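I've put the structures underneath this note.
Each of the two complexes below includes chain A, the first together with chain B, the second together with chain C.
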Partner chain A sequence: MEAQLHDSLVTLFESKLSTQMLLNLETCSRCGICTPACHAYASMPLAKYAPAYRAEVVRRIYKRYFTKQGRFMPVLGEAKDITDAALVELKEAAYSCTGCRRCMVYCPFGIDTQQIMSIAKLLLIGAQAEPETLSMLADMSVSKGENIDALKEGFLSGIKRLEDQVVEKWRSQGEHPIPTDVVGADVLYVALAGAHSIIPAAAVFNAAGEKWSLSFFEAVNFGAFVGDPTKTRLILDRIVNEAKRLKVKEVCICECGTAVRVAKQLKDAPFAVVGLTEMHARYLRQGRIKLRKLPGSYTYHDPCQIARNGGVYDEPRYILRHLVEDFREMSPDPKYNWCCGGGGGLVAMGEETLEFRMQSAKVKAEQMRGSKAEVVVTACENCHTQLSDLNRHYALGQRVVFLSSLVADALIP
Partner chain B sequence: MSTIAYAKELDLRNLPCPMPVVKISKGIKEVAVGEVVKAITTDPGALTDFPAWAKTSGHQILETETTGTEVNFYIKRLK
Partner chain C sequence: MATLYYLILAPMVYLAVAVSVLGTLWRIARLLRAPAAPPPPPIYPSRKPSWLFALGDALLLPSVFKHNAPLWAALGLFHLGLAALFLGHLELVADFKALQLIPHSIFLGKGLIGLTVLVCLMYFLCRRMVSPTKELSVPEDYLLLVLLLFTVLFGAQMDWARTWFGYSSMGVDEYRGYLSSLIRLKPSVEGVTSAGHSFMLVAHVFFANLLIMAFPFTKLMHAIFTFAMNKFRRG
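Moving on, here comes the complex of A and B:
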C-alpha cells in the first residue's frame, strides 16, 4: 500500500473516533457473550463470524495508531498496521455483519459492533475497495437529487399508470389517487421504486382521508449501506428539501428499515418522521381506517432497523391483532428476534451475496419454520427479499408478505 | 414498437428494490461497447432510476418505450 493512501486511511479512522466510538473500542472484555448472538455465527460457527472477532479486526488497527503501546511497541499489544491484507479482513468483517445489533443487546457493556463496522466501511471507501454495487447505487441516488427537474415528467407518467390499481383497493374522493407536489400537505410519503411500495400505501392514505403527497425520491439510503457519511447526507437531503418545500408536518417513510432508521436520526427538522407501520397503527387507533379480519395463521418478522434499532415493536402487533384471526410470535421476546440475514447492504448486492445470505441465516429459516405460520409478515423491503429467498432455499412453503399490503387488502368502509 | 436492434434483453419486471438497477448495471457489462441492452421494467421509479444510473455510469438511453404497464429502456453501452 502506498504511503499516501496509508496516511489518508489513518486520518479517516481518526475522524470516526467520537467518545461513543472510543467506548466501543476500549471496553470489550472478550467475555464472548456476543458470539452465539450473531445469526451468522449461530448458523456457521466460525470464529470470524463472532461479533467480538469482527470488532477486533478494527480494534487492532485502532491500537496500532491511537494507543501509546501500539505506536511504540505494536508487537506487544496485538496491534495491526493498515495494509492491503488488513483491508481484505475489514471487508469480510464489515460485509458479514448486517448491522442488526442483536449482539449489542446481549453485550453487558452495550458495545455497538455495527458502529465499529462503520469504521471498516469508511476505510474501504477511502481505499476504493468498497462493494462496487453499493457505491453505484449511492451515486445514482445522489444524481437523481441533482437532476430531479429533468426526471419528474417520466416519474409522473409512471405514477399515473398506477392510479387504477390504487382505486381498485380504495375509491377515494380526491381528484388524484396518488397526489404529488402538494404544497401544504400534512404528510410526505417516501416510497421505493416499485409499485408494491406505492399502491397499498396510497390506498390506505386515501382511506384514512390523509392530506398527503408522494415524494419524487426513493426512501432507501444506499449511502448508509455503503457507510459513506457524505452520500448518506446528500441522499437524505433530497427528501428533507422536498419536505421543507412542501411545508409538510410529517415525513412518512415506507417499509424500508434503513430508510426509516436514517430519517429518524434527523435533528432539528421542521417536520416529524414516522414509519409506515406506525402511521397505519395510528389510523387504526384513531378509527380512520377499518379492517376486516383475514383468515389463516400469521407470524411477524421484526426488521432490525425498525424494531431493535428503532424501538417499533408494538405497532405492527397492534395492527396484526386487528387484522388476522391467528397471530403467533416467532420469537418469545421480539427484542431477541433473529435478523433476516440480509441487512447492511447484503440484499442490495444481489446474487453475489446470495450463498452467504442463505447459509448465514439458517437460524432465521428454522425460526420461520418453527412458527408453523402459513404467512410471514414483515415491514421492510430488504427483509422481504431475504425472507422470500430463505423461503425458497429452505423449501419452507410459507408466504412472505408486506404488512402494508395486508392492511390495504383488508380495508373496509 | 421500437426498431432499435439490441444484443441482450433483460426482464426486470416486478423485482424488489434495487434489483432492476443492480441487474442492468451487471447486464450492460455483458454486451460489447456500442451494443444495446433492452431492459423491460414495471417499476415507476425506474423512470427516474435508469436515467440517473445511465448518467453516473456513462451509458446512453437511446429510447424509452411505454407499453401498457411496462416501460422498455434501450441502453447503449458507451464504455
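Moving on, here comes the complex of A and C:
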C-alpha cells in the first residue's frame, strides 16, 4: 500500500472517532456473549462471523494508531497496520454484517457493531475497495438529485401508466390518483423505484382521503448501504428539499427499513417523518380506512431497522389484527427476531451475495418454516427480496408479501 | 532481597497509583474532548427512565443472565468478590463503623472470598481457551486474567499460608501499619518483610501494582465506561 493512501486512511479513521465511537471501540471485554446473536454465526458457526470478531478487525487497527498500548505493546492487543490484507479482512467483516444490531441486545455493554462496521466501510471507500455496485447506485441517486428537471418528464409519464391500477384498487374522488408536485400537501410520500411501492400506497392514501403528493425521488439510500456519510446526506437532502419546497407537514417513507431509519434521524426538519406502516395504523385507528378480513394464516417478519432500531412493533400487529383471523408470531419476543440476512446493502448487491445470503440466513428460513404460516408479511423492500429468495432456496412453500399490499387489497368502502 | 522488597512495597506502589490515576483521567478527558456525533438510534422497545435501566444493565448484566447463565453466575461472584476484597482492604486503612455493622474479624471470610474469586478466574481462563471465545481473545485477555489470578492467589491465601507455616508474626496489625505508612507518604516496610510468608505479601503487591498500572491502558476500563455505553443503548 502506498504511503499516501495509508496516511489518508488513518486520517479517515480518525474522522470517525466521536465520543460514542471511542466508547464502542474501547469497552469490549471479548466475553463472546454476542456470538450466538448473529444470524450468520448461528447459521455458519465460524469465528469470523462472531460480532466481536468483526469489531476486533477494526479495533486492531484502532489500537495500532490511536492507543498507547497499540503503539508501545502492539502484541498485547494484536494491533495491526492498515495494509492490503487488512482491507480484505475489513471488507469481509463489513459486508457479512447486515447492521441488524441483534448483537447489541446481547452485549452486556451495548456495543454497536454496526457503528464499528461504518469505520470499515469508510476505509474501504477511501481505498476505493468498496462494492462497486453499491457505489454506482449511490452515485446514480446523487446524480438524479442534481438533474431532476431533465428526468421529470419521463418519471411523470411512467406514473401516468400506473394510475389505472391504483383506481382498480380504490376509485378515488380526486382528479389524479397519483398526485405529484402538490404544494401545500399534508404528506409527501417517498416510494421506491417500482410499481409495487407506489400502487398500494396510493390506493390507501386515496381511501383515507389524504392530501398527499408523490416524491420525485426514491427513498432507498444507497449512500447509507455503502457507508458514505456525504452521499447519504446528499441523497437524503433531495427529499428534504422537496418536502420544504412543497411545504408538507409530514414525509412518509415507504416500506424500506434503511430509508425510514436514515430519515428519522433528521434533526430540526420543519416536517415530521413517519413510516408507511405507522401511517396505515393511524388511518385504521382514526377510522379513515376500513379493511375486510383476509383468509389464510399469516406471520410477520419485523424488519430490524423498523422494529429493533426504530421501535415500530405495535403498528404492524395492530394492522394485522384488523386484516387477518389467523396471525402467528414468528419469534416469541420480536426484539430477538432473526434478521432476514439481506440488510446492510447485501440484497442491493444482488447475485454477487446470493450464496452468502442463503447460507447465512439458514436460521431465518427455519424460523419462517417454524411459524407454519402460509403467508410471511413484512414491511421492508430488502427483507421482502431476501425472504422471497429464502422461500425459493429452502423450498418453504410460503408466500411473501408486503404489509401495504395486503392493506390495499383489503380496502372496503 | 530487602531492597527489592522495598522497591516493590513502596516506590512501585506510588508509581502504580500515579500511572493509574493519571492514565484514567487522560482516557476520560480524551473521550470528553472527542467530537460529538449524532447518536444512532437506541435499541427498542425502550424503557423509561432510561438511566435507571442502563444502571440496571451495567450492574446486573441481565443480557448475560438471559444468554449465558453460568457465565453470569461466575461474573456475579467475581465482581461481588472483588467488591468485598476492596472493602476488606479499606478496613486495613482505618476503622469504618459502617463496615462493622455486622461485627467481623479482618478479613471477612479468611480467604474464602479470595478462593471464590480464584475459582471464577480459573473458569474465565478456561473459557478463553475454548472456541469461539478462544478466537476472539488476544494476549491482553490472558495477561490480565493471569495478573488477577496471581494478585488474588498471593493476597487471599496469606492467612492460610500463615497457618501453614505456623508463623504467629505478621498479621492484620502489621498490614495496617504498612498501609498507613504508605498513605502518610512515610513508607515503612519493616513490619511486613521479616516474616516467613512475607514473600506472599510482596508477590501480592507486585502483581497488584502491575494490574493497577495496566488499568487505564487495557479493557479493564470497561468498569468505567459500562454505564455510558448502556445509556447510549437505552437512549
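The rule is simple: the second predicted complex is superposed on the first by the 412 of 413 C-alpha atoms of A that agree within 3 Å, B and C clash if a C-alpha of one lies under 4 Å from a C-alpha of the other, contacts with A are read in each partner's own complex, and residues count from 1 in each chain.
The definition used in the following text is that a contact is a pair of C-beta atoms (placed from the backbone, for glycine too) under 8 Å apart; a residue touches a chain by one contact, two chains touch by 3 or more.
Quick caveat, the model's predicted, so the values are computed rather than measured.
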Side-by-side fit of chain B and chain C on chain A, or clash: fit
First, second, both or neither for A:56, with chain B first and chain C second: second
Chain B versus chain C as contact partner of A:194, first or second or both or neither: first
Partner chain(s) touched by A:147 [first = chain B, second = chain C, both, neither]: first
Touching partner for A:258 - first (chain B), second (chain C), both, neither: neither
First, second, both or neither for A:77, with chain B first and chain C second: second
Partner with the higher number of touched chain A residues, chain C or chain B: C
Degrees between the directions from chain A toward chain B and toward chain C, using C-alpha centres, nearest 10: 140
Touched partner set for A:159, first chain B, second chain C, both or neither: first
Which superposed partner A:26 touches (first chain B, second chain C, both, neither): second
Which of chain B and chain C A:335 touches, first, second, both or neither: second
Minimum C-alpha spacing, chains overlaid - chain B and chain C, in Å: 25
Intersection of chain A interface sets (partners chain B, chain C): none
Chain C partner contacts - residues on chain A that touch it in the complex: 17-24, 26-33, 35-37, 41, 45, 47, 50, 52-53, 56, 67-69, 75-78, 101, 104-112, 114-115, 261, 264-265, 267, 307-311, 313, 335
Touching residues (chain side chain C, partner chain A) in the complex: 27, 30-32, 34-41, 43-46, 57, 61, 63-64, 67-68, 71, 131-133, 135-141, 143, 217-219, 221-222, 225-226, 228-230, 232-234
List of chain B residues in touch with chain A within their complex: 14-23, 25-26, 42-49, 51-53, 55-57, 64, 66, 69, 71
Chain A - residues contacting chain B, complex: 133, 136-137, 139-144, 147-148, 150-151, 154-155, 157-159, 161-162, 191-198, 216, 218, 220, 222, 256, 347-350, 381, 384-385
